[in-house]
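There are two complexes below, and they share chain A, which is joined by chain B in the first and by chain C in the second.
And now, the complex of A and B:
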């Protein structure tokens, strides 16, 4: 037992706690400032969902770590907290509150780790009357090759945009297909060919009147990168076709391989579900006589053949739909109030913050309550002996 | 000591695979996209109505009246002037390049009794127009002065990778002149799929957040 405590003592140092908290403050400060330039999503990834902050070496492709990222700071803090308990732990009823309090803190850190690793956020955009069984990523794209030959189902080959790099050949698992990436623009502008500075200016031709030219990636929160790729599909190492596709035009291009109909598109990454939602009616209520929004609500129909569900329900502020491990929030609207945008969040650690906050409150109440109780008893004793 | 380490490694690698939004090449089957309208009509839940939203959306100018659609037309409108003059507006689209830009522009020129023009002449008589990320052209062809039945065409051609869209207004030259600005705005309002366009928050063509006031 003593040996374990000695082992944990350096890790249990209070100085380490202070250093970690100071680092966390620096991360939050710098991350919040940088959010102005790179947007909230990229700031989260760079500062909090990372092991280190990197500084690029000018003129090279390399970068050096210069500060611990959120995972390292949070991880060390978690170990520090656990080690402190193991090294100094001496259970007594008097300290029950502190133990519960720390358990709450540990759970909060673990919960944040679970959220940061497992949470998937996407959006479902529905026009009135439209029904969908998938949501789409607001950040990522995919190159989707769809086999349309079956009457009742489609087979989808999904290649994430992170795999699309110029000159790369991607073997599609379980098939004879290979995808050769001839070129890839992570962000592009679609322009008329006549607007090119010269015919030789690097571009990808999307149609007789539309070409894509590469532009720097955008990190603005209200903008999305328009990726464009030029790809060649190989079937048994024989070219089956070459296309330029752009997420600016997610309409698929039709083609055939071996007599079978296929489609190819570069589109927002899709997350399919075994159930579907249909927008029956979107409401945008305003306060009478003004344009100030009072309420946004989506009347939807949920159909899940496997669970024999078919019901109508309403999604509005503070009243999301929770179904099959997903939460659907009312997030936006478009198209003269005829289109709803639902934020779809999958987070297995959704309940952990509630439990950990409950533990924190219970721990504080217990600890201070016991102090108060002891103090009151002492005062009572003192006044009794004085009288 | 080895086994717990290996277990921890396995858990970590599973976490990294399951996490990070599974960004790997995947092959999976999904049911065919549900056709909501047909299914609902079959279930008797909705009356037969307009077809599901097309891949294009636009904002109809306030003073244009919608006209019944024909097999060819995806949009059909009539603009009326105070003196009984009116113009017909159509939106049609065809797969691919629809026979080429030059032949279509020359077909329009023929309709207002103008002779065919060369590619270069055609190109010089166009103006660029922007409909979201799609860059198209605007043309304005009027009958020659000696024409017995003067007419004027304002046309726009928008090309998406798989289709070519033609927007055309035909009517008496003087009345068409009054509609020139409205026509250009109509063409600019075209939105193909979900391409986001630049502009102020809340501007047309950009999804709005429920948090916006």
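And now, the complex of A and C:
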């Protein structure tokens, strides 16, 4: 019994709260500064969606943790909050605001955890007239093997790029295939073979006019890593073919196994949906006499055979489409205003921040409102007694 | 009697002086009526503004003062300079309006030969640039190859100079093709050439014999006016027949080429041509008559486009924020002096002057909102004005509650400093610029942005009170325990407000982000900056509730809050990443570093023990952790 208490008291202490908040400030500050070098996405992974910040030891492959990451700070703060409420707060009307406020905070931390685990962000690029039933990851690639033997539908099996590592052999799920990764470049540049410094310079051949050479990974916001892999496919442990594929080289490779047609490609990771969107018209309005964008809007057609939906709608700034648990936002444009880029977000915890925010604000207003009221009464009393 | 009336007389004198400065301008009885010309509406950067604003904005992009001073302390009205640029370019080319501050750039342009020019040796005229134009273009193009964030000072300055020169060339070609000896004669000749020329073109296309001379003449004119398309910047010519607002304003090239279609000279072109001819001949009466005729024409054809430019021209002249700055200085002097002499009289004067300043500040804010048709904060400039306004408003309440002059001093400082910041930001270009697509929603601008700005206001105000605590603590004799306690209470109260505003504002920002790009929290620098303010305010509150800090501690923590807020407000814009970045500001960076250093020094001073006189006051019992008393 005593043991639990000795453990519980420091966990519930106000000092720990302040230490956590201070750690959070350091984390946010350093994580913001580092965005200049590694971009927002990587900074999120290293600082906020991590358990610790690591400092690499020069000359070795090891790194030492030197500061708690976002998960640790947020987690400890969460435990601290809960413990504090259990240990110290007894309900009274006077403290209702504080309790509501902290309940909101707890919910918000939990919500952020849900979001950071379950949220999926992808993008859908549509040229005018084009129709798609999938969106693509802006960060990740996949090795996709497509079974083209059925006349009406393709069967696609994909392996995420995080599994692709040089020298690895991967069992392709649901088939007798195995993939041997002969080589893998996380980022590469596609060049003409004639532009190689020497014929012996390490490269992977993609076609007669294109080879891939390895380049350092990019963290810039407007650039994407182009992965390239050299793979050998084994069918029942017998080689069926060897190819080089790259996510920057859109042509899939056709091959046959046992008379059945297949395709293999390294492509941005796809998220298929049971419905499709078609871009009818993209508009990019500018203010008169300037290049300043006034509005972007995409006129799209939504077709969902399962739900018997077939309708036109428009997506523009601050006016997304919410459909089937996904939200489509107008994110960008390309190709002389003939291509739209829609941000596609799936977040099951989408409503949590709204509820927690409501609680937070209500708690704050309640607490400070009561304060102000009491203070005003006190001042009134003071001035009355003075006169 | 006199003693009682003196403060009133003083305040009335100040008010009268202000009114005289803000009265609408009267033109010189003889001479060109530049005041009325300055009100003429034109479309620039997507919005209709008066010529006066075009002149001021252009000058501020050229020399970062927004003024043209051929003789020290004798500025020429900006619009008078603009008239010269547009109508007598050969004279404007000699005006030294371009300022160069970068020493390397100065060297490139033969700066060492200019040492004889004692007055403003870093000011150049367009003519002085002429030998260097191709070099400037070459260097600017090279500089643009570098990423905007990694450019050095020279590269940024050369690009800025090239853009200023380009702007100047565009201004010269706004009303007429530059170098037209007499624009009125030119368009008369053009109007005559159109029918015969068009006939010639039709004949030629039909394979019939055609008038070669007429054909070539019309071709020459067309080419000359098509070339003007490169100079599109000021759209000065209204087209009353345009179906919607987007096409209502035309550039001179489009307006002239329209003649080929309609076979008649656009009336606005005719008015401006008369204006230019009169100006070039030195005919003031003719110039003034043409301005007045053109105004009448505008009132008949595009009445909706006149009110705002009219008001804006007056607003530029009256400069309410500048006048408010002067008043804030007076308030500060009176309020500080009131701690030393005539406490009642001076405090009363400070109070009334502060109210006057606040009225001007508010009036200016509302006028800007009307001109832009937007909530108060749309860019960094307007955020400075609004943050100051919010802080002054809070101070008015503080002063009303405590009546010890501290509210007045804080109001004066906050008002003056934020307006000074705004004044400097204003010189970066148009402050009423149109909003980019992402920001184009009045609902969120009115809620999230305003509340976050109030969060900045209150955090800064708490910090300011902390600074006052540190400074007054140095004067041991007057720093009574009561003063310490009441300052501590003030800071605590303001920190509560700051927490409320910054938390609610940050949350509203998250909701906006969720609505417009699908993530509640994206760890964007500006979001993180707001979060830092929330976290710091939360730390202050918890530290106080836990009894870890008392008055001095909370004051010093509030001073540190100044650093956090300044980083969040300006520092994040200097990172150059994320959705909220507005561009890099070099000088501002040094100022920011200086500010942070200053705050750290103040905290250091605050930590030093001060020899106390008299008995120590008994230490109040520690408050229970987590308990909210007081």
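Definition applied: the second predicted complex is superposed on the first by the 360 of 387 C-alpha atoms of A that agree within 3 Å, B and C clash if a C-alpha of one lies under 4 Å from a C-alpha of the other, contacts with A are read in each partner's own complex, and residues count from 1 in each chain.
Convention: a contact is a pair of C-beta atoms (placed from the backbone, for glycine too) under 8 Å apart; a residue touches a chain by one contact, two chains touch by 3 or more.
What you see is a predicted model, and the numbers here were worked out from it, not measured in a lab.
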item: Clash-or-fit label for the pair chain B, chain C on chain A; value: fit
item: Which of chain B and chain C A:52 touches, first, second, both or neither; value: neither
item: Contacts of A:223 with chain B and chain C, given as first, second, both or neither; value: first
item: Touching partner for A:96 - first (chain B), second (chain C), both, neither; value: neither
item: First (chain B), second (chain C), both or neither touched by A:173; value: first
item: Touching partner for A:362 - first (chain B), second (chain C), both, neither; value: neither
item: Contacts of A:30 with chain B and chain C, given as first, second, both or neither; value: neither
item: Contacts of A:152 with chain B and chain C, given as first, second, both or neither; value: first
item: Partner chain in contact with A:110 - chain B first, chain C second, else both or neither; value: neither
item: Which superposed partner A:317 touches (first chain B, second chain C, both, neither); value: both
item: Least Cα gap, in Å, left between chain B and chain C after the two complexes are fitted on chain A; value: 6
item: On chain A, positions contacted by chain B and by chain C; value: 292-293, 296, 317, 331
item: Contact set on chain B toward chain A in their complex; value: 15-16, 18-21, 23-37, 39-40, 46, 52-53, 55, 57, 59, 97, 100-101, 123, 128, 133-137, 157-162, 164, 192-196, 198, 201, 206-210, 212-213
item: Contacting residues of chain C [partner chain A, same complex]; value: 43-47, 149, 232, 235, 245-249, 251, 401, 433-434, 436-438, 440-441, 444, 493, 496-497, 499-500, 503-504, 507, 510-511, 514-525, 528-529, 531-532, 535-536, 538-539, 542-543, 545-546, 548, 572, 575-578, 625-626, 628
item: Touching residues (chain side chain A, partner chain B) in the complex; value: 117-118, 120, 125, 127, 129-134, 137, 140, 151-160, 162-163, 170, 172-175, 189-192, 194-195, 206-210, 222-224, 226, 244-246, 248-251, 253, 268-269, 272, 276, 278, 292-293, 296, 317, 330-336, 339, 341
item: Partner chain C, residues of chain A touching it in the complex; value: 13-15, 17-18, 21-22, 24-25, 28-29, 31-33, 35-36, 39-40, 43-44, 48, 84, 88-89, 94-95, 98, 112, 115, 119, 121, 221, 286-290, 292-296, 317-318, 320, 327, 329, 331, 343, 345, 347, 350, 353-354, 357, 360-361, 364-365, 367-368, 371, 375, 379
